[in-house]
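The two complexes that follow have chain A in common; it is paired with chain B in the first and with chain C in the second.
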Partner chain A sequence: MFEAIAFYTFSFLTILMFSITVMTSQALYALTAMAAGMIFISAFFFMLSADFLGAIQIIVYTGAVMALYAFGMMFFDTTREVKEKIQNKNIVFVLGTMVALLVVAIFMAPVVSENIHALYPIQEGLGNTEQVGIVLFTKYLIPFELAAIMLLSAMISGIVLAGKKMDNSLTLMADEEIELMQEANEKVNS
Partner chain B sequence: MMEIGLSHYLILTTILFSIGLVGVMRRKNLLMLFFATEILLNSVNIGFAAISYYIGDFTGQMFAFFIIAIAASEVAVGLGLLIVWFKRTGNIDLDSMISMKG
Partner chain C sequence: MDTALLVETVIKIVVILLVFSALAGFGTYFERKVLAFMQRRLGPMNVGPYGLLQIAADGIKLFTKEDIIPAGVVPLIFKIAPVITAATAFMAAAAIPFLPSFTIFGYEVHPIVADINIGILYVMGMMAVGLYGPLLGGLASNNKYSLISTARAVAVFISYEVVSGLAILAPLMMVGSLSLLDINDYQAGGITHWIAFSQPVAFILFWIAAFAETGRTPFHLIANDHELIDGFGTEYSGMRWGLFFIGEYANMFFISFVMAIMFLGGYGDGSVAGAFALLGKVAFFFFFFLWTRAAWPDVRPDQLMWLTWKVLMPLAVINVVITGFVLMF
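After this line comes the complex of A and B, so read on.
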């Protein structure tokens, strides 16, 4: 009963928030709506008794990814409306519907056939976090290490890409200097 | 209706995934395009967690963890590239990136 109420409430809220993210023309509204949607998604993980995954969802998405987007948005002009010209509106919705139906078919196929048997079954008497640790550090140790290397390389590439020319700050320069730098940039691009 | 089963979660996953797909297809601003890809990854995570719960298997949750790690690194690299592009050209419109047009 309560599970059904929670499920319908949170699914309505999530769909609403993500629709705002997709449809709005303000970048700031899109960012805040997506942060709210991420929090609501973690509620599903708690309902599905994947507590650790829910906590990770809140920490990583609304803590790290959203902060990264917020800092990234400081570089871009987000106060004005995002202008987007869309040539053909119908094709987007036709393609979206078709792909959605395809995804339903893909998802339903293994459930209908019922050929699935649990590879790493959930054990009784152990908490979710302990079981995550056991499975992650025995069966999935190599993917775990590879994910660590991937995150390290992503961090280094983020620093190298975004930190380029950080020594001349736009806020500390005079207007003439900024104009000179922009003209030099245009020369490089053309 | 009141008993929440696996198909409820899968239908929700599909709805969220199609919202993300519509976003990917209609957005022209690259930052908004990144938001739509985040929606795609998150919707798939719900599906993995739901299957993990109803089949009684742990593999789904593990894949959800790795998807979160991939999403985090994708954001770091993508935003770095986006900042470099914005410094060079001054806009992040997808239609302006036609320098490789044949």
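After this line comes the complex of A and C, so read on.
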């Protein structure tokens, strides 16, 4: 009975939070609701006793991804409402509904036709973390390594793009040096 | 799930909430006294014997002060931000074993709320979510200083999470389990089995990262009094500001518990002496937080980032690689 109560509570909360994310025109509400929704999703993992995935859901989505969104939002005035530029409301409505229905259809199709097989059945006597590790390093080894290489190249390109002036620190320079640097920049820009 | 388990869990949660809320209050008293003695002052002396009732006076002041919501803020987010800080700090406590299991009136009590097998991961995750308190508080405050403080908080938290995560990876590889109970049992053989001796680098790195994650003094840039007024707490007053404080102190206690269990053997074999040893270790870590505040100045934000990415993170990665090689051969 507890499981049913927990399931319906967290389903309701998750749907409510993501609805707020989509509907609101206040950027901070959207950010907070999305972070909360990500945490509520982890409740389903905990209910299915997939503790590892639940904790990873919290750490990766709420701790890291949403914090990066928040970093982007610091450049705007978040206390004001966002004015959305919507030229045709009907197009937005139809496209949004269509995509939502399509996603539901995609995920429901195997459930309805009862065509789900566990290719890697759960091995008895092993913890949740070990199971994830075994699947990750046998069946999904190549996608896993590819993702690692992709992240590495993204990191290196990020450093190359952002790190041009990493060696000069504005706090360590004298005022004249900063002025000289600014003048040089203006010459390049003009 | 039977009713007995439910009642037991609720009792444990209430006890942990009450004990650590009270300890947060005592924490402020200890902090003022320790700082005062280190600076050759007396600290709070007037309210009660040795100023002990100062906590009660502060509590009354915080609770009865007018709760001001300034104009121009986002009211809802502004109100829930302090609650997030306090709540996530206490949620992290769910997976920490505070004492070895003991028997009371013939009923065996395990002083841990949820014995999940990924304990340490859950604690780190919840402390990561604690970032949302300063973040939302600063963004909703409509104040420049709060915004700068928020930017620093996010940068510092994300950077030092990388360091603390990589630092505990090496001990976890040795133990082979993410449960804090298993980590404790791994070191049950006594002082020579402590992970602090086999993984000294990881211990020091995690200790440094703990200062950043709780926002304590060498890395106290998040609510930096002398340049940012009070950072994300500038616009807060009364109990809402007090909740930020309770969250910070509760976090200090919980991360002290995590460090004592992970690196200094925890409660050892589970005897009474082991339980007192655990409390002693936690007290030492908490005292060390206060000691550093008296002894060290703050570092600059750019020095902080330099330290993370150019010193601590490479060290942590090298430590993980070496541990891997040693375990393999």
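Structure notes:
The rule is short, and it goes like this: the second predicted complex is superposed on the first by the 153 of 190 C-alpha atoms of A that agree within 3 Å, B and C clash if a C-alpha of one lies under 4 Å from a C-alpha of the other, contacts with A are read in each partner's own complex, and residues count from 1 in each chain.
Note that contacts are C-beta pairs under 8 Å (C-beta built on N, C-alpha and C of every residue); 3 or more make two chains touch, one makes a residue touch a chain.
Every value quoted in this text rests on a predicted model; they were computed, and no experiment measured them.
With both structures placed on the common chain, the touch criterion links A:A100 to chain B but leaves chain C unconnected.
Touch criterion not met for A:A184: it reaches neither chain B nor chain C. In the superposition on chain A, A:M155 makes contact with chain B only, not with chain C. Once chain A of one complex is fitted onto chain A of the other, the partner contacts of A:L141 are absent, as it touches neither chain B nor chain C. The partner that reaches more residues of chain A, of the two candidates chain B and chain C, is B. Shared-chain residue A:M73: touches chain B and chain C both.
Once chain A of one complex is fitted onto chain A of the other, the partner contacts of A:A64 extend to both chain B and chain C.
Taken together, the two structures place residues 31, 52, 56, 64, 68, 73 of chain A in contact with chain B in one case and with chain C in the other. On the side of chain A, the complex with chain B involves touching residues 1, 3-4, 7, 11, 14-15, 18-19, 21-22, 27, 30-31, 34, 37-38, 41, 44-45, 48-50, 52-53, 56-57, 60-61, 64-65, 68-69, 72-73, 75-76, 82, 84-86, 89, 92-93, 95-97, 99-100, 103-104, 107-108, 111, 116, 118-122, 131-132, 135-136, 139-140, 143, 147, 150-151, 153-155, 157-162, 164-165, 182, 185, 188-189.
Considering their complex, residues 1, 72-74, 76-77, 80, 116-118, 121-122, 124-126, 128-129, 131-132, 135-136, 139-140, 142, 147, 150-151, 154-155, 157-158, 161, 177-178, 300, 302 of chain C touch chain A.
Here chain B touches chain A in the complex through residues 1-4, 6-23, 25-29, 31-32, 34-36, 38-39, 42, 45-47, 49-50, 52-53, 55-59, 61-62, 64-66, 68-77, 79-84, 86-90, 92, 95, going by the rule given at the top. Residues 2, 26, 28-29, 31-32, 35, 39, 51-52, 55-56, 58-59, 62-64, 67-68, 70-71, 73-74, 78-79, 127-129, 169, 171 of chain A touch chain C in their complex.
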